[in-house]
Amino acid sequence: MSITRLLTSLLFVIAMAFTPLAAAQQEDPGVALLNDLATASPREVEAAIKAIANSGDERARSWLEAFGSNRLSIIKDSGKIVVVLNNRGRDWTIADALTSENLGEISRRKLDRININNAMRRQLEGTLAMLDLYADNPDLQAQAGKDLLGKVDEALVEPLTEFLAQDRPRAVTNRVEQALAIYRVEQLGDIEAVDVLAGSLHSRARAALNSAVTSDDPALAGKARIALESVEQKLKLNRAAETLYFGLSLGSVLVLAAIGLAITFGVMGVINMAHGELIMLGAYTTWGMQQLLPGQPGLALILSIPAGFLVAALAGVAIERSVIQFLKGRPLETLLATFGISLILQQLVRTVISPLNRTVITPEWMSGSLIINDALSLTLNRLYVLAFALLVFAALMLIMRKTRLGLEVRAVTQNRAMARSMGIRATRVDVMTFALGSGVAGLAGVALSQLTNVGPNLGQNYIIDSFMVVVFGGVGNLWGTLVAGLTLGTLNQLLEPWAGAVLAKIVVLVFIILFIQKRPRGLFPQKGRAAEG
Amino acid sequence: MNAKKSLKLGLSALALTVSLSVTAQEGPIKVGILHSLSGTMAISETALKDTMLMLIEKQNAEGGVLGRQLEPVVVDPASNWPLFAEKARELLAQEKVDVIFGNWTSVSRKSVLPVIEELNGLLFYPVQYEGEESSENVFYTGAAPNQQAIPAVDYLMNTIGVERWVLAGTDYVYPRTTNKILETYLKDQGVAEADIMINYTPFGHSDWQNIVSDIKRFGSAGKKTAVVSTINGDANVPFYRELGNQGVSASDIPVVAFSVGEQELSGIDTGPLVGHLAAWNYFMSVDSDANYDFIDEWVKFSQDDEAVTNDPMEAHYIGFNMYIEAVNKAGTTDVDAVKDAIIGVSVPNLTGGYATMMPNHHITKPVLIGEIQDNGQFSTVWQTPSTVAGDAWSDFLPGSRDLIADWRKPMSCGNFNVKEGKCGASAGEQALAAE
Amino acid sequence: MWLTRPFYERSTQLFLGILFAALLVVTVLHVALPEGHPLHVTSYTVTLFGKYLCYALLAVAVDLVWGYLGILSLGHGAFFALGGYAMGMYLMRQIGDRGTYGDPILPDFMVFLNWQELPWYWLGFDMAWFAFIMVLLAPGLLALVFGFLAFRSRVTGVYLSIITQALTFALMLAFFRNEMGFGGNNGLTDFKDILGFNLRTDATRLGLFLATGVALAIGYVVCRAIVTSKLGRVSVACRDAEARTRFLGYRVERVQLFVFVVSAMLAGVAGALYVPQVGIINPSEFSPIFSIEIVVWVALGGRATLYGAVIGAILVNYAKTVFTGVMPDAWLFALGALFVLVTVFLPQGIAGLLKSRHTAKEAAA
Amino acid sequence: MSIMSELTNRDRVFDFLTPSDSPVDVRHGPILYLEDVNVSFDGFRAINNLNLTIDDGELRCIIGPNGAGKTTMMDIITGKTRPDTGSVWFGSRHNLLTKSEPDIASLGIGRKFQKPTVFEALTVFENLELAMAADKRILPTLTAIMQPQYRDRIDDVLQTIGLKDLRDKLAGILSHGQKQWLEIGMLLMQKPRLLLVDEPVAGMTEQEMERTAELLTGLAGKQSVVVVEHDMGFVRSIARKVTVLHQGSVLAEGTMDEVSNDPEVIKVYLGEEA
């Protein structure tokens, strides 16, 4: 927020908090404030924070934020207090905390950090939230109100009641009331406050009520219990919705990972064991992109969608030309050869890039979650992946149904010899198909880089699942893959709560094995004499 | 035909190695390095191999020990547990090494153990582990549960005021044992059964949605809740990601991890993790000159400005110096002599204190609690006033409550039962091995 | 008598000849020559060769189903591991009260995860005969049930390969779980003695090595006997023209089931001999990667020859031992390249080369 | 091994209900009897209310344009494809719809495929050996020993199909025609009551064709033979009774002349032939 707005908001703080410091404005008061903070014992820190907040100094906020992100340090010999601008590596860039002039690099050895721990951070967040409440930016205010939940202590009670006195947007005051109510219920065992919290789905509010239930005041306990039961039903619904979402999102991951395989395997009967590594390539492309465009993870991510596709597709073509074309009609051999390739690709990544996992940054707009209500929120990154998966699927469907390539591909799947005789260049189709399948794998990699490790083993973790999905869905049938993926995902997530993660996975695998016994050709088998034998 | 050929090859190769190792005595002191350089564990173990090479190089530069140079013998067990045993045998029987530094995973140690004992070798094991073991031939320079888990829990309980506990771990022996210990410990501290939630996941688990939302739910019961994580390696990234996205912030539900170090963090976007905790005996961020020097050397040696150091590396640093001390003290590299000499040896650690080898072959360590920073480092927020001695046998497990280990003569027993006042199986076992 | 048939054919005689010669040489070099003599075979090497022989037997088992029945099993590691676990459980029980906690019955890992009593499926494993029967039965039964379901519903080719992979993967996850009572990730280890012989003496190791050699010989002969019998020819018929074989009145699924189960049992035996020699069994033996590697040994040696499988297994693993020592990083590249080159350029494998050379000679003569 | 036999035989359920050696009952006329059979793949009706009866010892030719459902019909009879509706009887005792291919085969129905399928990795001799009527359960097969009288029978057949000097060569190296012969030989080894022969003379020379014709006509009487063939000349040379299939059902039936004069047939079939 701009300095002016900060100032206006600070005025209120000054108005209500009586502070000798604010009055006496001789030489820079920051020195004293910061030194207090630096030397404060854990017990005194709170006071020091409040002092800074109430000092009305326009630098207060930046100091507190620096403190919060653990970037306030003291230069050992000079005792000067500085803000660390870049704390990577062994030499850190610092700036003067008071004048905020850049002091260049300095060895870590020469710095003493002013440490903060979670307890302090809570108070800090409370205080900062107080400041934000007065920002005339509704979102900020709402957020601040939310942050205050469970962070209210008696120091804040008075200012907050003040705050409520003035007329403010409902959204904000609701929160503040709740925040106060939580404080009252927890600290004072105030029965009236329970009404305020009744009906709230927010975990913090329920936490307060839960603790009230166990209190020795029967009246309070009873009231709290009723308040809790009133939301029980809502919660159940939300939980169900949540589980469903989890299932779909896991399913979408499976679909993404498998759909490329569905194409290569389904159309060409090629068991591409290197499929996982193609996914890995996609993920590494994302990482590479972010290295090329430092500071713009979002843009990099978007660019790596086409890039990942290309890289994987080219790799696919290379594999097809160099190995698979020699193994026509020998699916089991392709399985072995491609497995060899997967080993090579993995080791290549290990030696060329690093055996360690790579950091792929999640852009702002993809982190956090979409809040439906206090009890139900959908994690954004998975939401995007889900959407992406459906998008990719739709695109593939289009290609298969509407384009010349798709037509030829289907022709080749149905009856290779016949298609050939009708002048379709089967080899070309093969290359194109394989490239397409591989490219899609690359896309899966790009998506996965937002969910899991980007490392040499990335592919290994998905290859078996992918095969399961394809076989379960029915080879050569994209719809099958979609349905299978989503089904297995949901099944897994439904089982997990009571079976545990490991058992759930096992159960799903066994289920697939048995299913294949019943329907050897999966959910949507290809019928007719062509498929026989 | 080929069977015979390959056999011949085998023999010739063998003859070679033998003729090499005939001159073992009074040549250089051979230091075996038994860390996976390929396979899944290569991620963690390669760094330890390099650490050893660095330390040896340094020692040689300073003139070696007893006027003899040190010669590293590196083998690759390729993250394959039976191969660990095989390679250990190779090191001891073929290469005739004087000491081995190696292993990371529990299972690899378990698979090596019988070989080391049979051939009476020396093994320095640098990783925090589940305890419940004390071998005459193994020196545990990593943390035992009482040097990591218990203090961490104490911190959460006393400083942060946690009353409700989630024990989440990967399903293998270290988390299992640690959680068993913590469970008993917490109950002794008066925590109710209902306030403890235990959850196990497979290796490399990547879908944490359900578990994290369970944790959230568990945490909304009105008591301060914390997660004690023994989640291993790769599974951590998606776990923390999910935490961040589902809005579980360190100030609501802090996570204290025992297996997440600087190296693991180097693969994570630590933004959303700031404030979560880890318990170790060493942090790269520790403010001591010994540490800064070590980091400088490491950066120089690995020729990578971003290179990070971590707890097991410090363990090797300590173990190696202890071995050198002991050899000097004993005046020989003879295994039995060194075994006796090393007990009581104390060398400086990297956190500005001293580490001493205890009679139970564990060492004394300070316990540090650190908060994750946005730069992938930890900032120490709490630390034990003095160092803690490693406890081979936990006091919180029924089976081992009455067991102690003391390898000093005359007791020299790995599992002495104080109740029955007799040594457990190992003694008889030594007798067998001795034959 | 069908079982004796193989002894009359030259290839088997040659194979057995070489095998026993090799066993003899190793034994002599190990026992007769003094420690430190350039040609002395250390007990380390003996055990190493023992391991190779286990793998060889495993490869033979795989070749039986893949080479002669056309079933590419990517789950044979599972049978190997099951045999291994059966043996491992026996060895665990043999430790008795010599474990670190001195518990007469419970293995250590059960004690410190405070299990109260022994799970039912551990009962009986203190008796050698029972354990050894289980070594055959455990993999056999699994193969029987799995095979019965699969072959009855005519799951073949790629599908079968993939679900065998799913099978071993599921088993791996299951055995990783500590609740299963098989020691989880740590598996079973720290064995003391077998049939009363101390596992840590060279004599025992030599014994195990020789036992493995004999087992390989028997396994080879059994497989030979099967493939040279009319049933063997029927298997080949199933491999090449399944439908046709049905129309000739053969119950293909039963032929497949029979051979599959026999092969699984052989794999089990291999596993059982493997465990006491390497001293540990843990779920990683179930990993799909391992199963695929086995197939490659066979492919390299040459399918449908049996002796080819033996050559392949020994060669690859010997290379592995050498490489992982010399240049660990290069090893995976080498292995990967091997997969590709063999399948693309050497479909007949080494045995194929030998054959063609042989036939060439004949032509010349 | 004995344990094994136990286990492998355990799953042989209900064999005692239809003993595969029970004689085929042809006292009431036909040996093969199809009634109202329907099959469709993905909506396409391959077989459409097909009714067909073959008398014992009859030699029947079945002709029809591509896609008339000839091969599908064979698949149904031999149990490879299960019809959606209808009934198929072998004699008046065996309901073929309840039986698996091997059962049907051992009941005495032999089939020769459209494209010759022989076991290329085995020698000619071994091909015939496998075809030979014998106890085909696991253990007997495992322990089977080549008796001299079997060898003689195989040699006889080798004689008849004229592959005597290729006896020990791999079937893979045979010419197309020779493979056809070998497969016919395998049929003979089976001693079936009913032979289903799909395009036997494809890729044969003139005199090979004649010999096939002799062979088939020779078989008729002792055994019933159903021949599916495109080659009109060949059909004419052997046919006594001809059935014309069209769009999965019988279009016409009768002697070659009757059929070839049938206007319907001329329209749909001979028309396109000409």
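So that you can tell them apart, the chains are marked A, B, C and D in the order they are listed, and the count of residues begins at 1 in each.
Rule of thumb we're sticking to: a contact is a pair of C-beta atoms (placed from the backbone, for glycine too) under 8 Å apart; a residue touches a chain by one contact, two chains touch by 3 or more.
These numbers come from a predicted model, not from an experiment.
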item	value
Pair of chains joined by more contacts [C-beta pairs], C-D or B-C	B-C
Farthest chain (mean CA position) relative to subunit D	B
Whole-Å separation of chain centres (CA-atom averages), subunit A against subunit B	31
Rounded Å distance, subunit B centre to subunit D centre (Cα mean)	72
Between subunit D and subunit C, distance of the C-alpha-averaged centres to the nearest whole Å	43
Residues of subunit B touching at least two other chains	38, 171, 200, 202
Residue numbers of subunit A (touch at least two other chains)	347, 350, 502, 505
Overlap residues in subunit D, where contacts from two or more other chains coincide	80
Residues of subunit D touching subunit C in the complex	4, 7-8, 11-12, 78, 80, 100-102, 105-106, 110-111, 113, 117-122, 126, 129-131, 136-138, 141-145, 186, 190
Subunit A-facing residues of subunit C, complex	72, 146, 149-150, 152-155, 157-159, 161-163, 165-167, 169-170, 173-174, 176-177, 242-243, 288, 292, 295-296, 299, 329, 332-333, 335-340, 342-344, 347
Subunit C-facing residues of subunit A, complex	269, 271, 273, 323, 326-327, 331-337, 339-344, 346-348, 350-351, 464, 467-468, 471, 502-503, 505-506, 509-510, 512-514, 516-518, 520, 533
Complex interface listing, subunit C residues touching subunit B	18-19, 21-22, 25-26, 29, 36, 38-45, 47-49, 51, 97-103, 109, 111-114, 173, 176-178, 184-187, 189-192, 198, 200-201, 278-280, 282, 284, 310-311, 314-315, 318, 322, 324-325, 328-329, 331-332, 350, 354
Partner subunit B, residues of subunit A touching it in the complex	69-70, 87-90, 108-109, 112-113, 115, 117-119, 121-122, 125, 150, 203-204, 206-214, 242-243, 246, 249-250, 253, 347, 350, 355-362, 367-369, 377, 379-382, 451-455, 457, 461, 492-493, 496-497, 500-502, 505
